[in-house]
Amino acid sequence: MKLVTAVIQPHRLDDVKAALEAAGIRGMTVSEASGYGRQRGHTEVYRGAEYTVDLVPKVRVEVLVEDEAAGTVADVVVQAAQTGKIGDGKVWVVPVDDVVRVRTGEHGPGAL
Amino acid sequence: MKLVTAVIQPHRLDDVKAALEAAGIRGMTVSEASGYGRQRGHTEVYRGAEYTVDLVPKVRVEVLVEDEAAGTVADVVVQAAQTGKIGDGKVWVVPVDDVVRVRTGEHGPGAL
Amino acid sequence: MKLVTAVIQPHRLDDVKAALEAAGIRGMTVSEASGYGRQRGHTEVYRGAEYTVDLVPKVRVEVLVEDEAAGTVADVVVQAAQTGKIGDGKVWVVPVDDVVRVRTGEHGPGAL
Amino acid sequence: MEEFVLDTGNTAWMLASSALVLLMTPGLAFFYGGMVRGKSVLNMMMMSFGAMGLIAPIWFLYGYSGAFGTDIGGIIGNPFEFFGSNNLDDATSFVSAVGLPVLVFIGFQATFAIITVALISGSVADRMKFSSWLVFAAVWVTFVYIPMAHMVWGGGLLGADGITSSIATPIDFAGGTVVHINAGVAGLVLAILLGRRKGFGKEPMRPHNLPFVMLGAALLWFGWFGFNAGSELAADGTAGRAWVNTTAAAAIAMIAWLATEKVRDGHATSLGAASGIVAGLVAITPAAAAVDTVGALAIGIIAGILCALAVGLKYKYGYDDSLDVVGVHLVGGLTGTVLIGLFAHVGDNVNGTWIPDGAMNGLFYGGGVNQLLAQIIVALFAVVFSGVLTFVIGSIIKATMGLRISQDDEVSGIDLVTHGETAYETLGTSRNFGEA
Amino acid sequence: MEEFVLDTGNTAWMLASSALVLLMTPGLAFFYGGMVRGKSVLNMMMMSFGAMGLIAPIWFLYGYSGAFGTDIGGIIGNPFEFFGSNNLDDATSFVSAVGLPVLVFIGFQATFAIITVALISGSVADRMKFSSWLVFAAVWVTFVYIPMAHMVWGGGLLGADGITSSIATPIDFAGGTVVHINAGVAGLVLAILLGRRKGFGKEPMRPHNLPFVMLGAALLWFGWFGFNAGSELAADGTAGRAWVNTTAAAAIAMIAWLATEKVRDGHATSLGAASGIVAGLVAITPAAAAVDTVGALAIGIIAGILCALAVGLKYKYGYDDSLDVVGVHLVGGLTGTVLIGLFAHVGDNVNGTWIPDGAMNGLFYGGGVNQLLAQIIVALFAVVFSGVLTFVIGSIIKATMGLRISQDDEVSGIDLVTHGETAYETLGTSRNFGEA
Amino acid sequence: MEEFVLDTGNTAWMLASSALVLLMTPGLAFFYGGMVRGKSVLNMMMMSFGAMGLIAPIWFLYGYSGAFGTDIGGIIGNPFEFFGSNNLDDATSFVSAVGLPVLVFIGFQATFAIITVALISGSVADRMKFSSWLVFAAVWVTFVYIPMAHMVWGGGLLGADGITSSIATPIDFAGGTVVHINAGVAGLVLAILLGRRKGFGKEPMRPHNLPFVMLGAALLWFGWFGFNAGSELAADGTAGRAWVNTTAAAAIAMIAWLATEKVRDGHATSLGAASGIVAGLVAITPAAAAVDTVGALAIGIIAGILCALAVGLKYKYGYDDSLDVVGVHLVGGLTGTVLIGLFAHVGDNVNGTWIPDGAMNGLFYGGGVNQLLAQIIVALFAVVFSGVLTFVIGSIIKATMGLRISQDDEVSGIDLVTHGETAYETLGTSRNFGEA
């Protein structure tokens, strides 16, 4: 199994969720993050002093999938999250040894 | 070494912490997350309009362990987090190449 | 490719960011976390009752790198984050099958 | 020659009342600010604060004079008569009979002009250009609020000798038409001119901070004592009547709103409690001293239920009155204004009530239908007057400087884009980052 | 025939005081709301707001009449006499001597009934059914608060001609027995009937928002000027004495609480500062105009220390008085009520102090032990009266509709389950999600 | 023998004003508390609350007497004369002419002493030992505030018969010198003695909660009506003038600050709106009843622009006046104090204005340069007096108990280290963790 992790623009989350659902993905885990990269944060001025905020808000989406689905899922996310502007984010795939469903104790692909 | 990641119901965290401690685990990292899955969020009505909140609060627990402990640790977490209701979450295991303890610079199992 | 994850003291983040930048790293993802380990949280007293807060604030930094850079990057982070006190945190390295840049759809090292 | 006899008691109450009403606008900033998403709370609050910044000077320069100066055609007072709050004379002023220095009255009235403008901002949440808001505020108060205040309170078309003089003197104790119907209609027109927020009707857009909404409702209730009991301009039994009726209506409207929600949606929400309070306060405003305790409770119950139902209309008709200026202020204001025609009750046994000369008891208290008719006529007049003028002003601004920020900016959040700030420290500068 | 002579100054102060005391209940909502966990802040606030919604109409309908109507057996006034705030006559009213329209007094008293009920809610945090709370509030105010108010202020058993008439007239300037002992005992009884929260004594259950707690304390202090200085019912030197004593006691009690904490726990906390302020305000309430400045400071110091120690008792005895209604209001109320017996001081050289006919200086000021005895008797009577009746009311509700939500719902959070809301936008709908 | 004739109207207004000014200090706690990072908000608020706890008892014990007792050398009043607020006589008091019980005046003045001390805390954010702050507060109020209040208001060196008596009587209606210049200079000196925060000038240190800053600004504006209009000590037309001028200056200063920001930085921020309000309020304080409406607007505009520019100075000169006590209170206080010399305007046609005997119209209103000179002299005197004494007091505390927490503690956050608390529930105890 694989873990597909995507760090995306927050306002793309709804589209990514919809695209994954359309692709038959039934579960995912989402969390808040901040990104640092080519996209530079905005400049803020507080009472005459100027600062650059270099961490910009992002959302992390994690999806556990069977080995053969990893590529498709990554592509689905990329397509749904793409705006073409700097800062769109990254998707990466990591190998997973085992998955367990807490409710049932089931192991392996059936636990997804 | 392995990284055991668990996404669980927030109110099970205390029991999971206690169970891991009992199993001899001396460290872990915890963070907030939101889950999307079979468990559907509640419906909210605001001033006459109805919405479904489809992301439900979860907690993520990460534990780095030696290879041979991964299975036990996953089982310990599953047992402590289980309520038997939909939404109990997932546990997964990922291979880890190396671990370093920041304080000492120590590598490998001794860094756990 | 590898994913280097570091859980560090929050107030070391600025130095870690600077060190990574100096080492030629152009991107990273940062998020909030809580740590549980040898470093025990502080004790709080509320209206006569005493409690130990056993989860202490940490920051998680994730950096995707090419295989050969993983060791260096881990070392750079360890050096920048080190204060020598208990609770400095951990750095670990996980293998990555693939990385995609969302903006362009590019795969592999070029997507970093 | 008349001489001015200061009444320190009345003056003390009006100084306090003026401060109370001024506090309502920041209260509104929290009521509204808590209701929007975290990315536009500052802009929401800035619309209220901006109204304070602009309207106060306008009022002291020509606003008071335009509303309470010598009548010109029943529509407006002479704006130059007391320009700069000069040429005032306590002995001959509008309020000399109650021993009140006229400057205190000017201050009191300024706070009404401010809050009326601020109320409108609820319908334009998240998407109106801040510069256009400021221009709108200044123009609207000049061409809509000041004439309306004159017509109702300054001896114009909606007063004792106005368009309903052959039927009955209209009753508007503290501003049902001038403030609430006026702002409610303006909010509706602006919402339509602006168009809907991206995601309206599809995304929850939940209130980001409900305790702030409740703080706002509490400050509004507190300040409303100045608004209603202060509108007596004296510390007497009629002020006491207004105080009691205000509390009775706000309290029971909250319960009525919660009950409506509970029946319809299954939950009694804190947003409903806060909204119900405001609905009750709005509805009792014109009637504050014109009804007895039971009348106040009746108005509160009816307003609580009607407004709770009315806030759903925007989804049906598709106008994005984001924070329910229409559902609460227009509907509540109309409810109170019209119900006076049923519940007005002055007479033996009813301590403290008061209605102006030429007004009469309501239909339920033996006064016949005249008062009801007069109330309806005035309400309709106010709806049309405010609607037409707001449409003209809004359209001109839309055609020239534009009313709305870009959709990208709306998605990014107006706080960041327009004000260069975010309300709370977020990832990247939070407690846990940077310098720990 | 008597004639009513309006005093606009006194009326101005009482209109303002009434508004101030009304604001205390939202203040309490923040004081309590900040102290609970983020998952039950809305419910906590709704218990206060719900009290406002229910108690105000009750008071205007039959509450005032029940407390201040013609005495029936020393226990209650005739609830039908002024039903619906009708049949009032300013000239013959309770407050005609100070030139106050009786409606203003009715409004003022309504705010006392509201806050007393709201105070109780602190002991039932996180777990009481909202419907049961509303029923409890309405029944309790009817059968416990109204009689107690009558007995102390309306000419009943705890007044000048009451059970202590042969010893001394009890002193309760602004409501030590009626409000604080009464609510404190009721809170204790309800907490016991409800049982402990899941995790009580094991988990920290830290305040989720300490600035809200401080906001609440500040609004309470501010409103308390209406409560204490307003209880003089006039704008005079005695009101000034109450103002000064209130501030002195609140200030020094904060310092005393912080010092106690610092010695015991090593830290002076903001929760302690907020709590100390309230403890001082509670304790000075019955004594507000009966002691001199030094007496006020002494009462403040003693209350600050005692209450700081008393809040730990719940862990020892195992009752879950969640937000310390007992530790602060019962202990503080008893402290103030009893210490009057030591510190009451009227006489030359002490500007503004006042005690009723038949009361005397305290033990430390040459008055002997009589006043102390009278104070203790009244306090004990109030404890027993409130305790027994609250137990009966609470038990009946428990047996019929039930008092408590399910444990699952308590774990999920009462805000979500009961009110269908969460206080703040959380993961899934936050600024960073959905429409960015 | 003189007899005291109570004026209930004036007394009502002063009781209300005293409550309003007391609320300013918690308002300041939010204004400042919202501006710091989340890890030091509680300490920031505790400095204000601690000032309330300490200064009120000091004032009631010897402070009032030291400020308003029989003059000793033009510098201070006899602190033993009214020790413990005893030996007071309404008939012969400072305020008997307006029918005000002297205790009410003592309470009113207490609130001024409290807020002045609390204002200073803005410059020491995040890093001052709390124990040293409390000691500083008690010592500073004794040796700096009380003499300054005496000199300006108690018949000392800065009053009618003081150092400028041959030029003109200085005008300080409500506390430009005593409160704002005094606190501003003290803040500057303390900031220098303490040194800069770690990261000053490099890290953003953004306000962690801007709605709290706006809440603070709103409560300050609200309370300031008590401060300025209350300083008339009566409910009359001059109080009305002060009310109107206060609102005019605060409003337009907000707009002026926003305009300055917009031109300089491209954004009109909510922090700027809140700061502009306070700048306008500070500047109009000494001039509140001495100028006409246009004068008030002019002072507001000038103060808004100057203060908006002045807050940048700390980066240039490298002192860490963290929350701009200097930029807003010192610069605003000087601006208002000096501009009186230009804008003072009493005469026909200007309703409600007032200046003391021996004062005259400003340069722009035909009064010549005398008043301007007198204002400048008094301002400079206050700067030197406060600067030197604060330096001595601060240096002694620094040398003995130390002024500053360790840098490690500063990095960890003073809330946690000093008060053993964090303001909000954070990871590890949040809604999502523990008992969910």
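Letters A, B, C, D, E and F mark the chains in the order given here, with residues in each chain numbered from 1 onward.
Everything that follows uses one rule, which is that a residue touches a chain if its C-beta (ideal position, glycine included) is under 8 Å from a C-beta of that chain, and two chains touch if they have at least 3 such contacts.
Which protein is which chain? UniProt says A, B, C = Nitrogen regulatory protein P-II; D, E, F = Ammonium transporter.
Quantities reported herein were computed from a predicted structural model and do not represent experimental measurements.
Q: Write the angle of the rotation needed to overlay chain D (Ammonium transporter) on chain E (Ammonium transporter), where the fit uses Cα atoms and the result is rounded to the nearest 5°.
A: Rotation angle, to the nearest 5: 120 degrees.
Q: Copies chain A and chain B touch; is their interface built from the same residue numbers (over half shared) or different ones?
A: different
Q: Looking at B-D and C-F, which one has the bigger number of contacting C-beta pairs?
A: Between the chain pairs B-D and C-F, B-D carries more contacts.
Q: Using mean CA coordinates as chain centres, what's the chain E (Ammonium transporter)-chain F (Ammonium transporter) distance in Å?
A: Using C-alpha averages as centres, the distance is 33 Å.
Q: Measure off the straight-line distance from the CA centroid of chain B to the CA centroid of chain C, and report it in whole Å.
A: From the centre of chain B to the centre of chain C is 18 Å.
Q: Between chain B and chain F (Ammonium transporter), tell me the centre distance in angstrom, where each centre is the average of that chain's C-alpha atoms.
A: About 52 Å separates the centre of chain B from that of chain F (Ammonium transporter).
Q: Just the number, please: Cα centre separation of chain B and chain E (Ammonium transporter) in whole Å.
A: 46
Q: Find every residue in chain C that makes contact with two or more other chains and list them.
A: In chain C, 11, 14, 30-34, 44-45, 53-55, 57-58, 94-95 touch at least two other chains.
Q: Out of chain D (Ammonium transporter), which residues touch more than one other chain, so two or more?
A: Counting only residues that touch two or more other chains, chain D (Ammonium transporter) contributes 7-10, 12-13, 16, 203-204, 206-207, 209, 215, 235, 265-267, 269, 271, 411, 420-421, 426-436.
Q: Give the list of chain B residues in touch with chain C in this complex.
A: 1, 3, 17, 26-32, 64, 94-103, 105, 111
Q: Name, in rising order, each residue of chain A that touches chain C in their complex.
A: Chain A residues touching chain C: 2, 6-8, 31-38, 54-55, 58, 60, 70-71, 74-75, 77-78, 81-95.
Q: Using the touch rule from the top, collect the residues of chain D (Ammonium transporter) that touch chain B in their complex.
A: By the definition above, chain D (Ammonium transporter) touches chain B via 201, 203-204, 206-207, 261, 264-267, 269, 271-272, 275, 309, 311-312, 315, 324, 327.
Q: Looking at the complex, which residues from chain E (Ammonium transporter) come into contact with chain B?
A: On the chain E (Ammonium transporter) side, the touching residues are 203, 411-412, 416, 420-421, 426-429, 433.
Q: Quick check on the complex: what are the chain A residues that touch chain D (Ammonium transporter)?
A: Chain A residues touching chain D (Ammonium transporter): 11, 14, 32-34, 41-42, 44-45, 53-57.
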